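Both complexes below contain chain A, partnered by chain B and then by chain C.
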Partner chain A sequence: MMTLRVRSTLRHLDVFLILGALLAVAAIFKASTFYNLSNLFAILEMSAVLGIATLGEALVLIVRGVDISVGAMMGLAGTLSACLLPDFGLGVAILVPLAVCAVLGLANGLLIEKGRIPPLVATIGMMWVINGLANAISEGRLIPIDNKAFQQIALGSVLDVVPLFFVGLLIVGGVAYYVRSDYPIGRYVYAIGGDEGAAFYSAIPVGRIRIAIYGVAGFLYGIAGLLMASYVRSGMPSVGRGYEFKAITAAVLGGIALSGGRGNIFKAIVGAVILIVLYGVITAFAVSPYIQGIIQGCILVGAVYYASRYY
Partner chain B sequence: MQVAITKSAADWSRFSNVFLLAAVLVIAAVISHGVFLRPANLMIVLASASAFGLVSFGQALVVISGGFDLSVGSLVAMSISAIVCFRSDFGIVGGTLAAVILSCGAGLFGGFVVARTRIPPFIVTLGVMSIAESMSWLLAAGQPITVEEYNDSIAPLFSFLPLSENVFPILVMLAGLIATSLLLHASKWGRYVYALGDNEAAARIVGVPILRTKLLVYGLSGFLSAVAAIVYLYQNISATPGEGADYLLLSFAATMVGGVNMYGGAGSILGVLVGVLCLASITSALTIAGIPPSVYPGVLGVIVLAVVLVQARLRR
Partner chain C sequence: MTYRLELEDITKEYGNTRALTGVSVAIPAGQVRGLVGENGAGKSTLAKIIAGDVRPSSGKVKLNGSESSYLTPATARKAGIGIVHQWGDLVPTMTVEENIFLGNEIRGALGALDKAQMRRKAKAVLQELGVDVDLRATVSELSPAHRQVIAISKALMLNCDLLIVDEGGVSLDKKETVLLHAVLRKLRDQKVTIIYISHLLDDVVALSDEITVLRNGALVETLNARATTARELATAVVGHEVGATQHALESGAAKTRGPLLDVAGLSWMRDASEFSFSVGEGEIIGITGPEGAGKSELLRTVFGLMPATQGTVTLGGERLARRDPRQMLKAGVAFVPEDRFQEGLMLNRSIEENISLPTLSFQSRPFLRKGTLRDSAARKADQIKIRMASVEARAGDLSGGNQQKVVVARWLEDGYRLLLLDEPYKGIDIGAKQDINDAIRAMAIAGRGIVVISTEFVELIGLVSTLLVMVNRRIVAVLKENKITPQEIVRYYQYEVDDPTPAPENARIAPART
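Showing the complex of A and B:
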């Protein structure tokens, strides 16, 4: 009885344990290279970028979809912003890309819900379209960002080490955790992923909610893209390359079920932090950065396998 | 009645392939002011379609069996690097063999995991893609990739023909076309692939060997990726690590445009060939018209979405 309870508690805390273990490994072996201010800031900043993208991907996975257009949207947001900044100022350069990403997200949802295209195919198609758009805007080049105020977005911090966006992300994750069970909309979202037919016959507007979720996800990818652009001080269509993959891995690592209807948003964000910390640890050990992909592939397949066996 | 509707839809889609190709050729001819239709250009288009055509045949097999193979592009990249890496110790033949074995092995591994676990195919092949992409960088070890051997040894064989450079890729694609067509349309394994894609549970009950069929399609997809890498090096001689990843996009587009059902269970290799030729023609016409290459994915994306939308509508 006792062991059962211990085991179930452990299962609830599994992501935190992994994160703790990683941080401990870094502390024991590479304390000076890992635990310094600039490295921690970089890790938390990238965690915020991936975390925001993961938030969107996790929402989509919960309603039993999948979104491959993450990286393309991030690239488009940054590129568009870098293009608009010199002529139209900060406000337009932030609002327009976010609006465009939200609309493209809604287009994803419409293709899937109204066009009856499987999510994987629809979002891969959209990925190419969005990528083509970004490339057409930038003519395939990197656009530097000189605007001081825009650069400051990524640099704002609490106590010089925790980026503001990371704090914001944790707050959003915490709110999402409560919305999940205490508000109708949260329960609707999980109901749609759990059993679409049952949700439909319970008068939940399945189609509209799912389209809206894709829109919200697009908006979130836009934020992640702007944050990234602000951090690297340039707009480039390929900046988000591979982020769809990272976001899915992070979400799955955080226990979001690919079959929909199950998973905890907050843990998905922790999954994103784990991935970034892991890359940080790999870098601290000065292993070839190309190992990353191998580890990431193994984590993705392993995490899905674990989930398919034990949940 | 239902049958009749389905049948007419099937007829329509069979002819739609031909119409599509004709329309694309006309558009290509107009965009390029007729340059596209010159015999020399047509032959170049065919040759340029070779590598991604081979990959597309593999992709089509996997999609017909009800899966997705996101790893094909990265397997091409890994094969290119593997050829270079193992060439230094074992010669070009050894390098080629190593690439084929590695790529086949990766495909078989993916097929095994798909068959034996409940992990969705796109996750498995996404994992394989990530691993293969890393491998392509690790195997190349930062060296520039140049492989002249294929071109030096094979091109002279056809020197008596006009535009002899392009004969080998076209022949290889033809061989791939015939082999995969025979497998899919004239053998019991082809029937298994369709059965599997149509209804896996039913296929299992009637005794289709699920594991072996999945190993076959994913392994073959890996093998064709390795062959595509050889054709790529024959044509381009040099490459950077990670190159070939675009083939994922192209193979996917060709499969969808070629009328393969995205849920599995229907489609033909000839249809995929039409898809391949359409895309190669469009790319060629865009190049002749002077459109920057960075925009091509956008054009292909629009085409794929349009075709898939029509396909989804026909199914209803």
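Showing the complex of A and C:
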């Protein structure tokens, strides 16, 4: 019995164990290159970007969907912001991109729910449309951001090492966890992914919730995009390329089931941190960037394999 | 006397077909009312009308003695009517407590969930029902009986005092059935009115106060359960006149030639019983039993779609050790699956392509000879009387019966020895059923062995020479030739048969007690 309990506890903590192991490896072999202020700051900053995007993707996966428009939305948000900053100021340059991303997310949801288009197809289509929009706005160029206040978004920190947004991410993750456990809407989201028919019979507004989830996800991708733009001090349509797959990988690594209805949002965020730390460790070992792709692919498939066998 | 629910002269038409004709039922408060009938007798339509899912075409509904407009799901819920569907009420990935209150959560301060109160209420309800289930357990871990109880608790949380339980006893074993009965009796004692729909006649007789029998969409009679045996109920369900359909047996199908298929000690679960039966060349055997009896699983295990845990399948003296669709087709065994939409037909392809599909892998040349394929498909379509514009028409445009004929037509000529059909009569009209049976007879006369599985045993009477009756994943009876009558069959529809020999005349199963 004892071993059973130990095993189940281990299973709950698996993501933290993986994270700990990675950090330990870095500490033993590459302490000086990995554990210095600027590297840690960069890792936490990128964790915040991916973590926020992963949060959106995880919500979508839980209602048995998938969203491929993550990277395109991030690119659009940053580009829009860079265009708006000189003429309209900080407030507009933050709120407008977020609103646009939320609306595009709702469009994803409407296509899927009302148009009955499979999520994969709908969001791939939207990915191209959104990327096209961003390119049209920027005319394909990188738009530098000079606004000091906007640059400060990414630079703000606690004790010089933890970016404010990473703290924000943990807070958002905590809130998400609390909503899941303490509000009906949390249960409804999981019920829709777990068994749509049963959710429908229980008088849950399945369609409206699913559309809203895509909208919230779009909003979150927008935040991730703005943070990225602030960090690289420019708006660039292609800045989020590949983030959809990173977000899916992170969510699955954190135990979100691709079949919907299962998984802990907070662990999904930890999954994002693991992925970024892993990139950091790989870089510290000066491994070829080509190998990175191979490792990332293996992680995604391996995580799904693990999840399908042990969850 | 005022009744909790009265239905007067209810008729329901779907297009040209009548699902219910002038049905009147009156159910007093605090009664368990059994509702029985064969497939298509109108049980589920009646249940849906009461739950508000379906609007009757004509007739009156009265609740507690006063006339009500036709119910909708929302007004039915308000009027205290709850339904436990055969499946699909619970989210398997969520906990017991989450499921009981799903869509009906109790909120406390700031709209947050009042978990303590929900836990208390859930515990109280389960305790009242006399069931011990961990509220934090995931529903997918529960036994089927406990799942039923959780679904019932969920309905009770909506303050319902009229509960419809649709096929609650199916796929429960005896112990679990006893548990479910105990729970429902407790509810009845608290003046909850229960409508209990079941295929298992003993189950209904043991639990109900009165039993309403439907046949072909019309009310046959309402019986006092205490004065009725399962056997009498069986007669009421199938009617007297059906027994005489013994005509077609004299056709050549009865002449069996040599042994063909031999299934010995086959099983697909560690705890399921072992199955043995054999089929000769030119022999048609049938397997029937209520839904959830494991008929499909048996056939799918024989064909290798489900892994067998033990037992052997021998075809013409040769043991088929590795079974999968390709190997089985090579060995000469063909399979017509139950779900023609998912597994049987390519709806957006032509009738010709659908009929020719399995023969393609048998031909030796690399290119298709379209002319030959078309002629052969047209010939087969003609033989089984598919009503169509041409063989080029899309299979998806055909009626259900004609679609089923397309699936069966595939196997009219080509080189195979044994045909397995899973529920070939599902959702098709009488004419199509006859055409399919004619085709099956023709195939048997050509020397093939045939196994037909159907819940609608009336179709098997006069077709098969041997009929296996399955209940709860066991073969409970093997009926031969003139023993195959509806009354004989239905008397084996009991939730537990300890001894496969016929029970004594008045062996009504006593109401189960805890």
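Here, the second predicted complex is superposed on the first by the 311 of 311 C-alpha atoms of A that agree within 3 Å, B and C clash if a C-alpha of one lies under 4 Å from a C-alpha of the other, contacts with A are read in each partner's own complex, and residues count from 1 in each chain.
Note that contacts are C-beta pairs under 8 Å (C-beta built on N, C-alpha and C of every residue); 3 or more make two chains touch, one makes a residue touch a chain.
The shown structure was predicted, so the numbers you read here are calculated from the model rather than taken from an experiment.
In the superposed three-chain model, the partner touching more residues of chain A is B, compared with the other of chain B and chain C. Of the two partner chains placed by the overlay, only chain B lies in contact with A:Q292; chain C stays clear of it. Once chain A of one complex is fitted onto chain A of the other, the partner contacts of A:N135 are limited to chain B, with no touch recorded for chain C.
In the superposition on chain A, A:P184 contacts chain C only, with no contact to chain B. In the superposition on chain A, A:Q152 contacts neither chain B nor chain C. Of the two partner chains, chain B is the only one touched by A:A122; chain C is not.
Once chain A of one complex is fitted onto chain A of the other, the partner contacts of A:N36 are absent, as it touches neither chain B nor chain C. Shared-chain residue A:A203: touches chain C; no touch with chain B. Residue overlap on chain A between the chain B contacts of one complex and the chain C contacts of the other is empty.
Residues 68, 113, 117-120, 122-124, 126-131, 133-135, 137-138, 249, 252, 256, 262-263, 292, 294-302, 304-305, 308-309, 312-313, 315-316 of chain B are the ones touching chain A in the complex.
For chain A in complex with chain C, the touching residues are 181-184, 187-188, 190-191, 193-195, 197-199, 201-204, 261-262.
Remark: chain A residues 66, 111, 115-118, 120-122, 124-133, 135-136, 139-140, 237, 245, 248, 252, 258, 288, 290-294, 296-298, 300-301, 304-305, 308 touch chain B in the complex. On chain C, the positions that touch chain A within their shared complex are 85, 88-94, 98-99, 102-105, 107, 111-113, 115, 154.
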